[in-house]
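Read from first to last, the chains carry the letters A, B, C, D, E, F, G and H; within each, the first residue is number 1.
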Amino acid sequence: MNISDIEEILKAHFAGSIPTDEAAAKLRNLSYEDIGYARVDHGRAARQGFPEVIFGQGKTPEQVCGIFEKLLERTPNLLITRTTSEVFGQIRNIFTDAEWHESAKMIRVIRDRTDLGIGEISVCTAGTSDIPVAEEAALTAEAMGNRVQRMWDAGVAGIHRILGERERLQNSRVVIVAAGMEGALPSVVGGLVAVPVIALPTSIGYGASFHGLAALLGMLNSCASNVTVVNIDNGFGAGFAASLINRK
Amino acid sequence: MNISDIEEILKAHFAGSIPTDEAAAKLRNLSYEDIGYARVDHGRAARQGFPEVIFGQGKTPEQVCGIFEKLLERTPNLLITRTTSEVFGQIRNIFTDAEWHESAKMIRVIRDRTDLGIGEISVCTAGTSDIPVAEEAALTAEAMGNRVQRMWDAGVAGIHRILGERERLQNSRVVIVAAGMEGALPSVVGGLVAVPVIALPTSIGYGASFHGLAALLGMLNSCASNVTVVNIDNGFGAGFAASLINRK
Amino acid sequence: MNISDIEEILKAHFAGSIPTDEAAAKLRNLSYEDIGYARVDHGRAARQGFPEVIFGQGKTPEQVCGIFEKLLERTPNLLITRTTSEVFGQIRNIFTDAEWHESAKMIRVIRDRTDLGIGEISVCTAGTSDIPVAEEAALTAEAMGNRVQRMWDAGVAGIHRILGERERLQNSRVVIVAAGMEGALPSVVGGLVAVPVIALPTSIGYGASFHGLAALLGMLNSCASNVTVVNIDNGFGAGFAASLINRK
Amino acid sequence: MNISDIEEILKAHFAGSIPTDEAAAKLRNLSYEDIGYARVDHGRAARQGFPEVIFGQGKTPEQVCGIFEKLLERTPNLLITRTTSEVFGQIRNIFTDAEWHESAKMIRVIRDRTDLGIGEISVCTAGTSDIPVAEEAALTAEAMGNRVQRMWDAGVAGIHRILGERERLQNSRVVIVAAGMEGALPSVVGGLVAVPVIALPTSIGYGASFHGLAALLGMLNSCASNVTVVNIDNGFGAGFAASLINRK
Amino acid sequence: MNISDIEEILKAHFAGSIPTDEAAAKLRNLSYEDIGYARVDHGRAARQGFPEVIFGQGKTPEQVCGIFEKLLERTPNLLITRTTSEVFGQIRNIFTDAEWHESAKMIRVIRDRTDLGIGEISVCTAGTSDIPVAEEAALTAEAMGNRVQRMWDAGVAGIHRILGERERLQNSRVVIVAAGMEGALPSVVGGLVAVPVIALPTSIGYGASFHGLAALLGMLNSCASNVTVVNIDNGFGAGFAASLINRK
Amino acid sequence: MNISDIEEILKAHFAGSIPTDEAAAKLRNLSYEDIGYARVDHGRAARQGFPEVIFGQGKTPEQVCGIFEKLLERTPNLLITRTTSEVFGQIRNIFTDAEWHESAKMIRVIRDRTDLGIGEISVCTAGTSDIPVAEEAALTAEAMGNRVQRMWDAGVAGIHRILGERERLQNSRVVIVAAGMEGALPSVVGGLVAVPVIALPTSIGYGASFHGLAALLGMLNSCASNVTVVNIDNGFGAGFAASLINRK
Amino acid sequence: MNISDIEEILKAHFAGSIPTDEAAAKLRNLSYEDIGYARVDHGRAARQGFPEVIFGQGKTPEQVCGIFEKLLERTPNLLITRTTSEVFGQIRNIFTDAEWHESAKMIRVIRDRTDLGIGEISVCTAGTSDIPVAEEAALTAEAMGNRVQRMWDAGVAGIHRILGERERLQNSRVVIVAAGMEGALPSVVGGLVAVPVIALPTSIGYGASFHGLAALLGMLNSCASNVTVVNIDNGFGAGFAASLINRK
Amino acid sequence: MNISDIEEILKAHFAGSIPTDEAAAKLRNLSYEDIGYARVDHGRAARQGFPEVIFGQGKTPEQVCGIFEKLLERTPNLLITRTTSEVFGQIRNIFTDAEWHESAKMIRVIRDRTDLGIGEISVCTAGTSDIPVAEEAALTAEAMGNRVQRMWDAGVAGIHRILGERERLQNSRVVIVAAGMEGALPSVVGGLVAVPVIALPTSIGYGASFHGLAALLGMLNSCASNVTVVNIDNGFGAGFAASLINRK
């Protein structure tokens, strides 16, 4: 709902083409579609630069499919996160070109591949086990019109592995760093580059990792000043925020 | 145990119709029924305005059915929360008109539909995934004699969705707001209405949501002064408290 | 911002008495007053049934006084919470009839004493040390037009003390129960009455009370279904919510 | 290892009946039996008044059975806690009179039923769902030579239920109170009796009960001074400590 | 409120010496005295074997003195815990024989020194820094009619220090063990004796001791089965519970 | 240390102008200056786009001044965070044009005011009490060459206050949102704009805010996908990251 | 990457046998092998005295096998931790002499049995249930060229069991102590020996053990000064660190 | 208490030079000295390779001085940790050559400077603010007969600073790494060296550092296998353990 929308409604009303109560209602009832169990937010693309994404967790397959159908009509690219291969079976019946990404547990539709970014987004992981979360970030960033560089398994205990990628990192417009356990890699990367770093804690670890809490706290306390943080295992959010930073 | 009960016993004792030791015992042994594994509290309706509800979790099906049979004799409406469709199978053999609510995992008996409320109770959710918990609240409120308005999927990231419901919200006597993740919706709703708001945190989320803790803490710290809070996923409690607020 | 406000602006615009851009601005810029460090929200009384309260903590005395002066013009009753006797010295220079409540650390202005409540609000404490927090609740409820009954030091370890107040409790429209340490009193009171109970955890205790966390968790897990909870030491919030429940 | 044992070894050594190195070894190697994966502590009965109990969790069935056989030779009564019906199948092959207690998940051997207690031990629960943990306490106390009174489902939200048991409680030598959720019952019982109360938190609850943490914290902060606490769900420990308090 | 009290009231009522409403009131208003900010519980001695103790924290000096005066009339021995030397100055004006215990921050009145115990109570500490808390326990137990043995600084890192006290420990009727840091001493003592052990965690430590949490958790998880636990720094509670265990 | 530096050293070595061991040392000893208690990192500006900032907390005034002098020689703009007016007294003796910012507790030197940003950075707060932290962010962003818009006291309980700023927010290149208590404002703002939002939790609040934890968790769980988070009260980090996002 | 490696590259470059850009690349690209999902770190043996170990958790069987094959070519001894018997089935097809250790869930290859230690490493457990974690430590230490003594089930509640092992403990070069529940054993052992003790908390326990947190905190707060700690259930880390301490 | 001590006592007893009861007492009462508030453990040097250290926190100055005098008689080197300059004033009256270390808050007596180590101990910090804790470690290690290298302010955000010290680090026998905030430095150092690394978390930081918890968790989850951890701010423990590792 931006100011020009409001002005348009006001002008139409002034011109007498819509009566007062209808104009008032329009101003209140902005562009979402109520399908009972969900209010599908068709204005989000305008507001945020990308259509609504379906968060699969806690929804029935019927709900996911219902929302998917509504969104598919209006948006070329679309993501369903935290879902299952069972749901993918049903989605495919609706749209056969949907992709299934096993490690990221994500369904993806890409119909528009325009490059919208200033530069490249790098996505690194500290370990092999962090790849699924990082992959969710990379797939999201691609769907939002970015070129993505992947660098897996470059954790700090073998520091030369990430040092060896310094040049590629420094040439990125933004870097996403996924790490579990102690979550130290974003601080090291943050110190190497002059661009924003998005730290992406993963739940990889055991014992006192407390399902990613150790990594999360480490990243929040990073001594590198260019680091901001997203939720544990929130690859989607990291990819989304990186895309906006990289947006022309 | 109110003062008139005590006076009645005292008068009967004074009149000599009950001996001293019996009177003393009556004063101690108030109105519950001991069935071994449970003390069924028949006085609760008088004290609290609603019969005892059966908390299904941690009880064997036999225990649930045993308590159900005792309560059914004395109360028209009855709820079993946090139960399973297996238990429902057995309950149906006892009382065929019992209802099964899959999303809320609740068994419900409604035999008295008198409207006991001053106004309407609104129940909102931030997302589609919060519906099961909100539904538990709505079903409880209905069973306690209230009219209920349901408003699903109106979270703050698309703020116009809740703003569009402002009028319905403002006309309610009390509003229940269910939200997981950051649990921000009750603060926004609280700021829009001049009635009590019951914040109902849900365990929807992952990572640093810590199974609803983030939402719970957010709601407890609400900057809207008319917000009180119940336990994570405690739809029943939210519906119950709302019913007492709405009671004529 | 209610629907009739919008319609009025629209009608004025349609009549040509205000131009389009001004109408659009009005719809956006609703009734608050920006004084630099604060946006004084004059519409709150209309929206919530009471003027904005000044939360003293973290504000400079100058800021508190500045906001106080703005609010004093428009509202008969006014509260400043979590403040100091130093600030009171300055407030008194602005308005000589302001009251200072030492135990609650609250400044209060009452110029309108109309009774707005359906019935009485009871405020109990488990111990003598909980009185300051409970007093904040009681003072708030009085300022919002309620009659308040105070019952101090009736904790569960001497259960006859609260049982002796049963009748007064049962005759209240709503009960606020303040308790620190294990926070058990709200559950007991909740089981005695048929009205809403607002549990108010206090930070009284030591060791594993963790500054009120034990009481807070206990209250959130209350087995009495009519209990809702506010933040630790949030007497103001308890009094505010109780006032809305008791509002005619 | 008490002083008389040491003196006996010293006298035997002085008398020349055992050589120096053997005496030194005896002083070091006190009465346990090493069977590889366990050091079966046959001196515990002497030291603590009861034979070693087998903690079933985390041990293979073979380990449980091996330790069981060693202990069975020397002690009339014996407990295996936190075990399974599968293990019971194997134990029964070793000793056919072993008992299986389904709700408490405990295997019990009782061959000596001498009454060793001063008085009776009462075991109460707040709810029906707390019975399995309370039953573990009761079974343990019986195996250690005590008479036990069971009082189930007497939680504080229906306070007359526990008040009705006041006399039985006051005649006990020690009271065990099991409660989940807010864990308020021990404080109330503690205020009613003049004997030690052992608070036994259970993991019954959900959301902010955090698997029994809320109950545990509540009990640790009890305002009743005669309450001590054991671990969440540690019925065995509660029964054991109560037995020592009741020991003649 | 025991059954004979009730019978006496009933008989007086039956005899006509008290009217019905007065009898009813007596049954409700049991033996506490309401002095505004406190309900002084004169029945506690009868119910719990010791008069009410004044918890000094969070009370004004005036409140402490007011309650002290009320209690002093009816009870020979009396404790004020968590108080200050300033309060002691005022208490001494009321009762000159009151004692001030600097390390425990406790005021004590002892006028009755009858020995009420079966045996002796041992109080140990792991370190010198734990003495203040342990002293609170010892002073309480003495005031309640017990003989007390003190054993300071016998922590597990020099295990021979506690082993050297084994005989004295084994001859006690109950043992209180105060420890901060890792809180390991109660488990070791628990394994040495056949009597109840009350574990008393202290807030001594730093860093990951989290103000006594480490010690508390350690004690709750003790592998010695005869250990129960009180709150961090709750010397009073440990001394009180030990006294009831030792009561003839 | 970028690839061209390495190549230069290699070429000089190849040319014989520096010997092998000196070249090896250069490759190891990159551009920092060791002054005993600190390694002043002169390469940071090159690597990160801004000189090293002095974190004042935990350093002696002498250490702060020593580092300040070293940095002042090489960089036009410079910040000292989390410091005191006492330290400022000493800094002023070194450099008279240093600024002292009382609310942010920051010392700032600005000698280069070139605009380096693509657009504007907006900094909002939920309340007046959040201003000091937000001011730290704004001062940092200005020192790094950005234009900053400040919007104070626009919390969600009066939602029209932030809605009134929608246009200014939407025209920013990046938005920083500071909030304490429940921390809901970033989610609402995130839903209104199509640019990156940096959520900045503050420690404003009490009780279950746990010194900013509630706000932090809320922001990490934001349902708005364009939100990333920095540490509690880390205004500096928010300003720094925003500057890099806005860098041309 | 040590200094001699750098000098060698510099000399080769100076001699003209490698061109400048290749030398620069070599300096950056140190000795790891990138196989897509992992950067196999062949330099680790040189740097740390042991080849990289494969952390099985969170990797697909294909990834584990791929890394295994790369490492097997270069190192005689090799470990896969936190894996399954299913993975072992595939590993065996690659290398038939691999060992499967059921309790430790570890795959081990030992082809070099040279004794590299100064003395012996003792590994103790408090209980039988702690054996699997302790076994992981022991197996690791053996694979790294150490002689290992195992001492199972010597917890503090039967203190003579560990005292009986004093001599063997005192003759070790380093001691690993695994314990769950209260985790007290490392403090006792630490007080008995003059060598480093590595405390290894296990997740054995229930309730307030919080999956090993109680043991971990206890060990971190050990009053024995020679104790350092590893993560909960991190047998591998304990064995690794002990091996380096024992390295000649 | 080692086996030869026991044999000596036995032989003296056998020879008749000491009677039975005296021998038994000796075996129980090993070498500590009871001075009322403390049991000064003179056997610790023999058992642990260093005299008892006085933990100053929570002890009165009189207690510290009393223990100091007892220890001074028997040991050349001595430490008092977590003490104050006031205590130092009193200690100096007892022993004029005692040293006061302001940053570490430590009193130290060194009369024996024999080098007892195999090699050198390196102590690094991530930042300048971590120096006080690291200094406590370094001072301890020196007092225990080690050569110490100090390397301050080499945190990971400027990774070349620690890389520049690689050679010195690799030539150490053991490395202590102190870090607050995210605590990442030990992992990086761990990956660079082939010797044991002791991670020493400090409480430096704010917000989500939770007084060192973030650093502690990070270090416990280190992906470098040669890292063990001590308590937050426990410089003494780190220095002590490092000394035993380095002991010839």
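As a working rule, a contact is a pair of C-beta atoms (placed from the backbone, for glycine too) under 8 Å apart; a residue touches a chain by one contact, two chains touch by 3 or more.
These numbers were taken from a predicted model, which means no experiment stands behind them.
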| item | value |
| --- | --- |
| Partner chains shared by chain C and chain E (touch criterion as defined above) | B, D |
| Chain labels contacting chain C and also chain F | A, B |
| Farthest-lying chain, centroid of Cα atoms versus that of chain B | H |
| Pair from G-H, A-C or C-F with over half of its contact pairs in common with C-E | C-F |
| Centre distance in Å when chain E and chain F are each reduced to the mean of their C-alpha atoms | 53 |
| Between chain H and chain B, distance of the C-alpha-averaged centres to the nearest whole Å | 58 |
| Euclidean distance of C-alpha centroids - chain B vs chain D, Å | 37 |
| Mean-CA-position distance for chain F and chain B (Å) | 48 |
| In chain F, residues with contacts to at least two other chains | 1, 3, 28, 127, 158, 163, 166-167, 191-192, 207-209, 213, 216, 220-221, 225, 231-232 |
| All pairs of touching chains, each written as two labels joined by a dash | A-B, A-C, A-F, A-G, A-H, B-C, B-D, B-E, B-F, C-D, C-E, C-F, D-E, D-G, D-H, E-G, E-H, F-G, F-H, G-H |
| Contact footprint of chain G on chain F as seen in their complex | 3, 6-7, 10-11, 13-14, 20-21, 23-24, 27-28 |
| Complex contacts: residues of chain H adjacent to chain E | 1, 28-32, 36-39, 41, 43-44, 55, 57-59, 63, 67, 82, 201, 203, 211-213, 216, 231-234 |
| Residues of chain G touching chain D in the complex | 127-131, 152-154, 158, 160-161, 163-164, 166-167, 204, 206-209 |
| Residue numbers on chain E that touch chain D, as the complex places them | 1-3, 47-50, 53, 166-167, 170, 191-196, 198, 216, 220-221, 225-232, 236-238, 240-241, 244-245 |
| Residue ranges of chain G touching chain E (in the complex, touch as defined) | 126-127, 155-159, 163, 181-184, 187-188, 190-192, 205, 207-210, 213-215, 217-225 |
